[in-house]
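Order of writing sets the labels: A, B, C and D. Residues in every chain begin at 1.
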Amino acid sequence: MEWPLTIAACAFLAAYATQILAKPQGALEAVAEVVLWLTWAVFLVDYVVRLTLADRRWQWFYRHLLDLAIVALPMLRPLRLMRFLTVLALIQRTTGSMLRGKVAIYTVGATVLTVFLAGLAVLDAEQNSGGSIKNFADAIWWAFVTITTVGYGDYYPVTVTGRIVAVGLMIGGIALIGVVTATLASWIVERVSLEAERTAIATESQVESLRAEVAELKDMIRALDSAH
Amino acid sequence: MEWPLTIAACAFLAAYATQILAKPQGALEAVAEVVLWLTWAVFLVDYVVRLTLADRRWQWFYRHLLDLAIVALPMLRPLRLMRFLTVLALIQRTTGSMLRGKVAIYTVGATVLTVFLAGLAVLDAEQNSGGSIKNFADAIWWAFVTITTVGYGDYYPVTVTGRIVAVGLMIGGIALIGVVTATLASWIVERVSLEAERTAIATESQVESLRAEVAELKDMIRALDSAH
Amino acid sequence: MEWPLTIAACAFLAAYATQILAKPQGALEAVAEVVLWLTWAVFLVDYVVRLTLADRRWQWFYRHLLDLAIVALPMLRPLRLMRFLTVLALIQRTTGSMLRGKVAIYTVGATVLTVFLAGLAVLDAEQNSGGSIKNFADAIWWAFVTITTVGYGDYYPVTVTGRIVAVGLMIGGIALIGVVTATLASWIVERVSLEAERTAIATESQVESLRAEVAELKDMIRALDSAH
Amino acid sequence: MEWPLTIAACAFLAAYATQILAKPQGALEAVAEVVLWLTWAVFLVDYVVRLTLADRRWQWFYRHLLDLAIVALPMLRPLRLMRFLTVLALIQRTTGSMLRGKVAIYTVGATVLTVFLAGLAVLDAEQNSGGSIKNFADAIWWAFVTITTVGYGDYYPVTVTGRIVAVGLMIGGIALIGVVTATLASWIVERVSLEAERTAIATESQVESLRAEVAELKDMIRALDSAH
């Protein structure tokens, strides 16, 4: 069930971007509109089928509030693409230094997708509102200024929808600072504590050789016993 | 004594929000005013009683300066609600990976309450000052822009009270970045160091089996001794 | 030699603040001016004496460039007060959880002193420049907005001196975020890793009791030996 | 091959700075132009030679996309100077507390070079665009305001090139916060966990002395055996 939903999310993203950026007329507009409704239908059907098949429907409902939000709020739909970068599932099972590489790739991917999406969504909300964000280049610039928490104030949203997108982006920015810092901290802590780890491993092998000596001791006593 | 104070804090918050947002007239205004004074009386009585019952009053006074501030500054009163999310006490006793879940829940709760409170307080201070923050939607938007340290500059306080609220919010923002980063860092450091922990646990069980072998050795020597 | 310099730094700070904030006339202005020159003389004499007494003068010169800057730049002089909070020296010798408490106290003290000093210095530089920072309340507000990296842009320096003060404050802000986050991270990492530490301590006591048993074993063999 | 490229990067930086800041006329302009082309030629020849000599050219191509960018984008060329501070290679091999000192030196060096370069590049892009950044002092000020994520909004780029430089600087800012925090966190975590390390080292030496005792035990049994 993952692939059709991922393709639907890609199609939604393409149609959504087309509608906002190209402002198509006639046939193309109709196609974009149909694609938007079709992808919505795919997500709705997926949601209803999974809810129907669930053993404990209320429990399933509470645990899948995000899926409900994806069905209800069109803007959230491409977030499924992040699941496509399903590194998070892999990360859960990864340990050691490989983890940091995966976290880094996922962070870059999620940041680029978030900036692109937030740029589209804020342009959609703001372009006819009398605010300062009026074209896609400015919207992307604004999204970068916001997610890095710089906030020049040359562009800012004035509509409620635009501000909700902005708050999401700011929270994303704090998470971004957090992930970058945490990954670096983990790397430095590990480098510095290599000494401690070496001690622990040395202790382990010492104990191993100690056990071998005790075993030898036992054989000697056994031999002593039978010699009598 | 916890429950009456928590209820008083809730009542204060409701009356304070009503007064600022609904600007009530006549009977409702009188009710809100009475509730504000009543909750203040509850906090004052609680403070005086605890001060009177204390063995070393000066020591108690110094250690409860925050409680004095809550009695003296109306705005700080709903902070008691954060105590209602008394996760901090639980956190002190929690270890292991449960800790991070509790920290996350507390962070979200405290952030939402802080943004709401700061929005109310800044609106109260700024709405008649000629500054740019004139309605609650703008005040909440300003609070989010400030706590995430983005700071567009489209809205900013101009009164002394508003600026004190803002400084509190900025310090809250730095704490927020700190908590998010620290929680993530702890998670990554743990994942990466699982290997080291595995070694430590392996050493522990090796030493245990070594002790069993030495005990067996002793029995063998005892048997050898009695055989003579 | 620490105490006279600390007192000189306090006197400098008081005279500097008086000169900028009270804009004194007549006798008071002369007193403030004299105090500024006297404290400068104290720092200069201290610097020259220590340079003269040094064994390797060039080496001492390179290692005490900060002291030269304190003599040359009046604004930096109160930084000696931070040395008064000489917790840093204590911190170097502190380990364990006490460290975090000391780091927290030093961070709060250094932040308050930095904001106060930067407010004074920026007001001194900007008040006659046509920029927007014209009174001390605004200068302190600007310093808080800058050190927390919020940066609304309602006030900003326009002179070169003011901008150098601002860059110092921004670097202080990054250090502030770093210290807050690092202290929290250390606390969470420790809490989470208490389990690992418990294992290590358990291993230590197990090894201890193992050694006791081996010693007993030796006594038994010795007894066995002498029994023959 | 490292030294000629480093010298070429220095020459490029000098010529680039001359061209933007001094706006030279006549002979000097020609010299600057020739130097820019010559350094470009050095980088191009280096790239082509290394690509030709590579065993697996496609693999080399993918792994050296940054070198291609350095050849294609003049602005990135001085980044090779950062490689001149080739501490990164040393850092890879460094462990223990020396690591933090090297990270600190590299961070300061890279930050200063990045601010200088970004100031030059943004001035180049913006000075004739109608934007607010019109001289080098303002450009450096803007670069500091951006890399510390303060973002007053008194100066901001309006051209596409200027904004790309700004996004690079913001990402650098997040990395800067990350490195500062991570280095501090590592220091605090280490200080706090010195106790744990002491336990581990104590265990190691205890196990060592235990081994010595077991060896003695073996000798005793051997003696017992031969006595019969």
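By definition in this document, contacts are C-beta pairs under 8 Å (C-beta built on N, C-alpha and C of every residue); 3 or more make two chains touch, one makes a residue touch a chain.
For clarity, every value in this text was computed on a predicted model and none was experimentally measured.
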Between chain C and its twin chain D, rotation from the CA superposition, multiple of 5 degrees: 90
Remotest chain, chain D as reference, centres from CA atoms: B
CA centroid of chain A to CA centroid of chain B, Å: 27
For chain A, residues that touch 2 or more chains besides their own: 149-153, 177, 181-183, 185, 189, 193, 196, 200, 203, 207, 210, 214, 217, 221, 224, 228
Residues of chain C that touch chain A when the two form their complex: 149-153, 181-182, 185
Touch list for chain D against partner chain A, complex: 94-97, 99-100, 103, 146, 149-153, 156, 160, 163, 166-167, 170-171, 173-175, 177-179, 181-183, 185-186, 189-190, 196-197, 200-201, 203-204, 207-208, 210-211, 214-215, 217-218, 221-222, 224-225, 228
Chain C contact footprint on chain D (complex, rising order): 137, 141, 144-145, 148-154, 176-177, 180-181, 183-185, 187-189, 191-196, 199-200, 202-203, 206-207, 209-210, 213-214, 216-217, 220-221, 223-224, 227-228
